[in-house]
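Both of the next two complexes hold subunit A, though its partner changes from subunit B to subunit C.
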Partner chain A sequence: MDLSSFAGPFLPEILLLAGTLLVFLFDVLGVRTTERVGAVAVGATALALLFVVADLGFAPLTFLRTIPAGQLDAAASGTPLYAFTSLGLVFQAIFLLATLLVSLASLSRPSRDRGAPIFFGLLQLAALGMLLVALASDLIFLLLAIEVTSIATYLLVAYTRHDSRSLEAAMKMYIIGALSTTLSFFGASLLYGAYQTTSLLAIARDGGAAGFPVLVLLGYGFLIVGLAFKATLVPFHAWAVDAYDGAPTDVTAFLAGGSKKVGLFAFFLIFLAPILFVRAAAPGGSPFTSGAVALGPVLQITLSVLAVGTMTLGNVLALLQKEMKRMLAYSSISQAGYMLIGIAVGTAPALAGATLQIFAHVFMKTGAFLLVAGVTAWGVGPLIDDWKGLGTRRPFVGVAFALMLLSLAGVPLTVGFVSKFVLFSAAVQAQGYFVWLAVAGLLNSALSVFYYARVLRVMYFEEPAARATPTGAVAGGSEPPVLPAGGLGYGRATAILLAVVLIVAVGVYPQPVLGAIQAAATHFVNLGA
Partner chain B sequence: MLPLLSLTLATLLVGTLGTFFAGARARWVALATSILFLLEVALLFLNYSGWPGYNGSLVPGFSESESYAWIHLSWLQINYTVGVDGISLVFVLLTAILQIATVVYSWGETRRPGAYFGLVLLTCLGSFGVFVALDILLFFLFWEAVLVPMFFLIGHWGGPHRRYAALKFFVYTHVASIVMLVGLLALVFYSGATSFDFAAVYASARSLAAVPQTFLFLALFFGFGVKFPIVPFHTWLPDAHVEAPTGGSVLLAGLLLKLGGYGLIRWAVELLPSGLHTTQPLLFFIAFLSIVWGSVLSLSQRDLKRLVAYSSINHMGIVLLAIALDSSLGLIAAVLLMFAHGIVSGLLFMTSGSVHHTFGTRDIPSVGGITPTTPALSTMIMAGSLASLGLPALISFPAEFTALLATWNGLHYWVFVPLGILVVTAAFYLWMMQRLLFGPPKGIPREAHDVPWYEGAGMGILVLFTILFGILPGLLVNVIVSSPIRGWPGT
Partner chain C sequence: MTDLALVGFVTLSAALLAIGLFGILTRRNFILLLIAIEIAMNAAILNFVYFAAYAGGTAGLTGQAIAVVLVGFAATEVAVGLAIVLALNRLKGTINVAQATELKL
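Then we have the complex of A and B:
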């Protein structure tokens, strides 16, 4: 069956749009139970994911291809708004996986949850924006797609409407988000002034050769700052921890695993290309002499500094946290630093490593937040110390969380190890001063072991405390909090199981996933060649 | 052909998992695994094609080698590759011997026996993996796999300052591993090796220019040296050894220190000849420093366990000296020394553990004349001390003799530094034995009685091998010299 004649290459996007509209329609018609609304969202997301994976060329699914053979990774002619690249498809798959995990887990939210249609509708709308980001090949198209996602996520954070913490978080996100949008668009307009085009490929081809070096540097500078807010890079990270902490935890899972990656992919699109083209323009020679501006090296050095700062500060602050969600939030920030290494190095292997790291982060961090949401629903308090003895009292939840944390720490035979190994190997492979990025990354991952290990120690080696938690969230008294008899719920348990299986499976045998990502990264790097 | 190495790894893996979940019967599972492991190692020795006559080829040949693709990208070729040559075989044997001795010695462990024996087996599994891995990533995985169980052994079953000691151990060795990993990665990518396999790196790294070789060698030397441990990065060792439970100390001294030596030979000395050549003066300096400083510290200890711990620094200093000599005799000596030190220091740690159990203290001056009360323990202390001071017909003698001979060949009169230190140490051990074992009884509790059978049996196994290889060192030397290493006679 040739689906391309039926819906064309935009089938995944159309599916999500249809899902969004259907969910909002349900709301109008009065069908508001979590299960029914959620089923639509899960179905639409899963189908979209299926088509994206088929387009990536995994053997048994190729008959579902929606993108005509010639269009994928084709050299662009003219200045189109969008392009189908393998790397974009990989990111679509990553975004959809995160959405799928969150939707699945949210099936286990209370059935009479009033906001269910709003929640699932906004979730799909955000996912739609993310899919469009992955297709963008035009600066304005990209920034608008990011806006779609951002607006949906501001609303998601506040969807419960009565929790003042969530409202505060949403307000912070909105104000910072508006600022970052303004800065990004200002940067984009400066670049347009310098290059007279908004096509990313055309801008990149020009490299630093435009006649207005000041405009170019200022434009990229504003774009970096604007997008750094979205990608939670230090020093533009402060809002993220409060927002992650205040948002409903399922939404936090989506923010950390999904929508934040939008900012990182935008980094790929906007900043990687100039680095590549400047390098291609002066192979062997000193890159500082090519063009009017030494754009490539300037970007590389800026991004390296951001990467090291983000990793280090994120890790140090995570070490100091007492609350589980805030610890995970800071750890999420530090992980963004690792991903940035891939762009700063700017070779196909490094790009593959960063992409794998982003892929891994979806299971590790989204999974962890979803699990925290489930455990919090049992009445376990927000502090790490409230998790005392949980590992032995709930062995399966304990093992799942332990695997996620071990993967975040980069322990071998988990996907977190493979991704860091590939990333740091790529940095060493690029030689020169990038070796120091690998050293910084490795030292940071050694540091991060401490705060993950502390959670494991609390979960496994400490007895539940016989006291009320300071927050009073738990019925304390002299008894340790009694866990309810029920489990996590089928939806949440499935999502967590899926995450754990992928963490271990890809960790032990990464070849299929890594091979696909490497191929996509190579195509991306060769686009302009 | 039977994939013997994978089979052995699988045995250890299944045994370790079984032990973890066996609860009260853990020691039986651990013992069965250890016996099976020892049998498989014996089979490895019998199958070893390099013994007695090895037909060499251009790159180092390994027998029992297996290789399966793991991660294959255009720029990253990682395989599951294992294999043994004579040097790794000797260390594999050491692992098997120490594992069974530790399991038997710890037979009476009652605090969470499942976890304890599981961690002991996991440490040995990791060490075995390090000794047979011929792929950089695989090597690194096993290297790290040793670290974690030892951290828990010290941190959970250790002495009063166990938390501090475990953390210090972890931080020191983990930072070292990171430097080692960067060094190994740089080794692959700077030399343009086609894969992470030892053979591929061997083929490309040796032709690197002297300057990159020097830097790479220094990075690897730091990474492996902290495990050695070399002065001035040795301070984790006394804390870890003293706080660890006896079984942990045995594995720490017997196996973990050897990982550093083995790693240095396999992944630095064999691959970076010019690097070794240019850094030789530094290595000599650090080796002499470790020898002298280690024995000075050792001689000033009152605590029996501390004494043994510091003497490890001294012994491993001699190992480093032998490696740095860059001669085939030196390498034979280094491997022999490490084997001997593994067995003997294991034995000495066991005796100091038993002294602690029996008399409630390890303070040498406060206990004396223990022979009438505990004849078996005294015999073991005597055997361990005599082996440690290098009495002929015990395992250390051929090793130290070879080392001194190699030093004379390479450095002539400098040989008097290690020789002099050995004489002083020997005298000190004799004095220690005189005070502890003989003379009027002193500080012996009324209820003190000789060691339980299992502690005696654990030490007995090690004494047996001390004597066996002391009389027949040729059994080991024949295997070692069949490894086709640069500078070997006939390669």
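Then we have the complex of A and C:
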């Protein structure tokens, strides 16, 4: 095998690695302006995204394919560390889109911003880890790839080094992250003991004939807890709100829109095999039994409980928040609950729904945090009430933010509606107690409308409070706080515009994206069979 | 390795994990927290070593390789943790986790 045919399929990963090294090289050479290092990051990410989309087979780009046709979704033999699946490619595209939005928006930060090379370098490094996660077909490869992302994100949160709030957020995130990593690896070690292999493909193929059934249950249990921290599922969510709140807001956008999805995709990879095998073997004895307990149903019930708990508590706590970033953080937690429904149900349509929900969440939540970062830079305070009247005074920002929130709430003609519709109808089709998952999801969507609508009301229908004069007396009339003349900056405006266009475009005409995701999910489900 | 010996070894690593988790939950000094995290991490690494010895053959080699990689990984993680401690200490003059209260929990 010559080098180019081996390295070819890894072109997106190689591009990001080259981008990372180039940015750090720039730093050493003294080229540190935001525009220059940012351009490298945007370029590398955009190119990588182009190749991933080409590999997915979108017609005008097929000449750029780097993965040979036979290698995609191939029934793998042996115990490879990685496999090219179309669902993995879809997730690579999602991760790269999130990275692209964040790096585009960060171009608008002050040119002399200290630490710009560190920020863009680590951002690409984290994206590299995410791409590797999407390729993994081995438990240890998967966990180590997650760690590449995690370690880069701990440093991203703390990169300013002079903001005590960011450092505190990084510290909390680090402690919880290290704890969850330890639990995940402990679970993986138990599974290795039971199966004598760490290959997820091998485990799926053999139907999980385990030497020690107890180790299997314990191993999957530790993995659920470890990965639930990463995916911010209730009751393992508390760190996330503090980390999202304290981190620089552009980094928060990346955490909520990008790196959190890594944990969810790990759920796809690890827990689908046992769930699917139980279904395939339903008439006869299930091969995935562990002692007296069939593993698949136990996992499905556990994930269902986690899903309902996550979306309910996330929504209720979001309702109580007064600060914009914390409200969005809790809303992000509740969205993770919706996504988990797809894995608990475990059918191809449900997986497609969850994937589309994750896809949608990138534009809605990353876009929203990027917008908040821009508005905060104008001097608007952290409270939701500080946004009074912003919708009428800054129409572009108002409309964009309103569309993102409406999409998060699941209003028709936005991508948030399409994804929830696909997801909940798949849960209903699956029958059994999954119908109740759909009901819980619908009730939660209705609940979430309250706190999104409150923001809209504040933005459009409330007048800014009268500004207090230095003497403490209220100035006559209602003089609003002064907004600076400048806009969001070209980079940030482009990123937000891109997010809004995709929210509406996919919402109105979902077929191309939805079709690709559904095909990928079907391939993925058939891999183990 | 006999089954009985394996059970004994796995019990040992379970105890290590418990000690590590207890430390993570009770310690307030960041350095001690890092040590507790390391103890818990070593429980997982030791597990890979036992199971590798139990499996033998090619399957065993996988476990040994993983154990070595994880030792390297654990060192990386601690390096990042220490970097955060240093920055925190420079800024606030304390490495006590309990005094980090600017973000409400």
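Heads up, the rule we're going with is that the second predicted complex is superposed on the first by the 492 of 529 C-alpha atoms of A that agree within 3 Å, B and C clash if a C-alpha of one lies under 4 Å from a C-alpha of the other, contacts with A are read in each partner's own complex, and residues count from 1 in each chain.
Operating definition for what follows: contacts are C-beta pairs under 8 Å (C-beta built on N, C-alpha and C of every residue); 3 or more make two chains touch, one makes a residue touch a chain.
Since the structure is predicted, the reported quantities are computational estimates derived from the model, not experimental observations.
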item	value
Most subunit A residues touched (candidates subunit B, subunit C)	C
Which superposed partner A:185 touches (first subunit B, second subunit C, both, neither)	second
First, second, both or neither for A:168, with subunit B first and subunit C second	second
Which of subunit B and subunit C A:198 touches, first, second, both or neither	second
First, second, both or neither for A:422, with subunit B first and subunit C second	first
Touching partner for A:408 - first (subunit B), second (subunit C), both, neither	neither
Subunit B versus subunit C as contact partner of A:151, first or second or both or neither	second
Partner chain(s) touched by A:511 [first = subunit B, second = subunit C, both, neither]	first
Partner chain(s) touched by A:253 [first = subunit B, second = subunit C, both, neither]	neither
Contacts on subunit A seen with subunit B and repeated with subunit C across the two complexes	none
Sites on subunit C touched by subunit A in the complex	10, 13, 17, 20-21, 24, 30, 33, 37, 40-41, 43-45, 47-48, 50-51, 54-55, 59, 62-63, 66, 69-70, 73, 76-77, 80-81, 83-84, 87-88, 91-92, 97, 100, 102-105
Contact set on subunit B toward subunit A in their complex	69-76, 137, 140-141, 144-145, 174-175, 178, 181-182, 185-186, 189-190
Residue ranges of subunit A in contact with subunit B within the complex	348-349, 352, 412-413, 418, 421-422, 424-426, 428-429, 431, 435, 438-439, 442-443, 446, 449, 509-511, 514-515, 518, 522
Residue numbers on subunit A that touch subunit C, as the complex places them	140, 144, 147, 151, 154-155, 158, 161-162, 164-165, 167-172, 174-175, 178-179, 181-182, 185-186, 188-190, 192-193, 196-198, 238, 242, 245-246
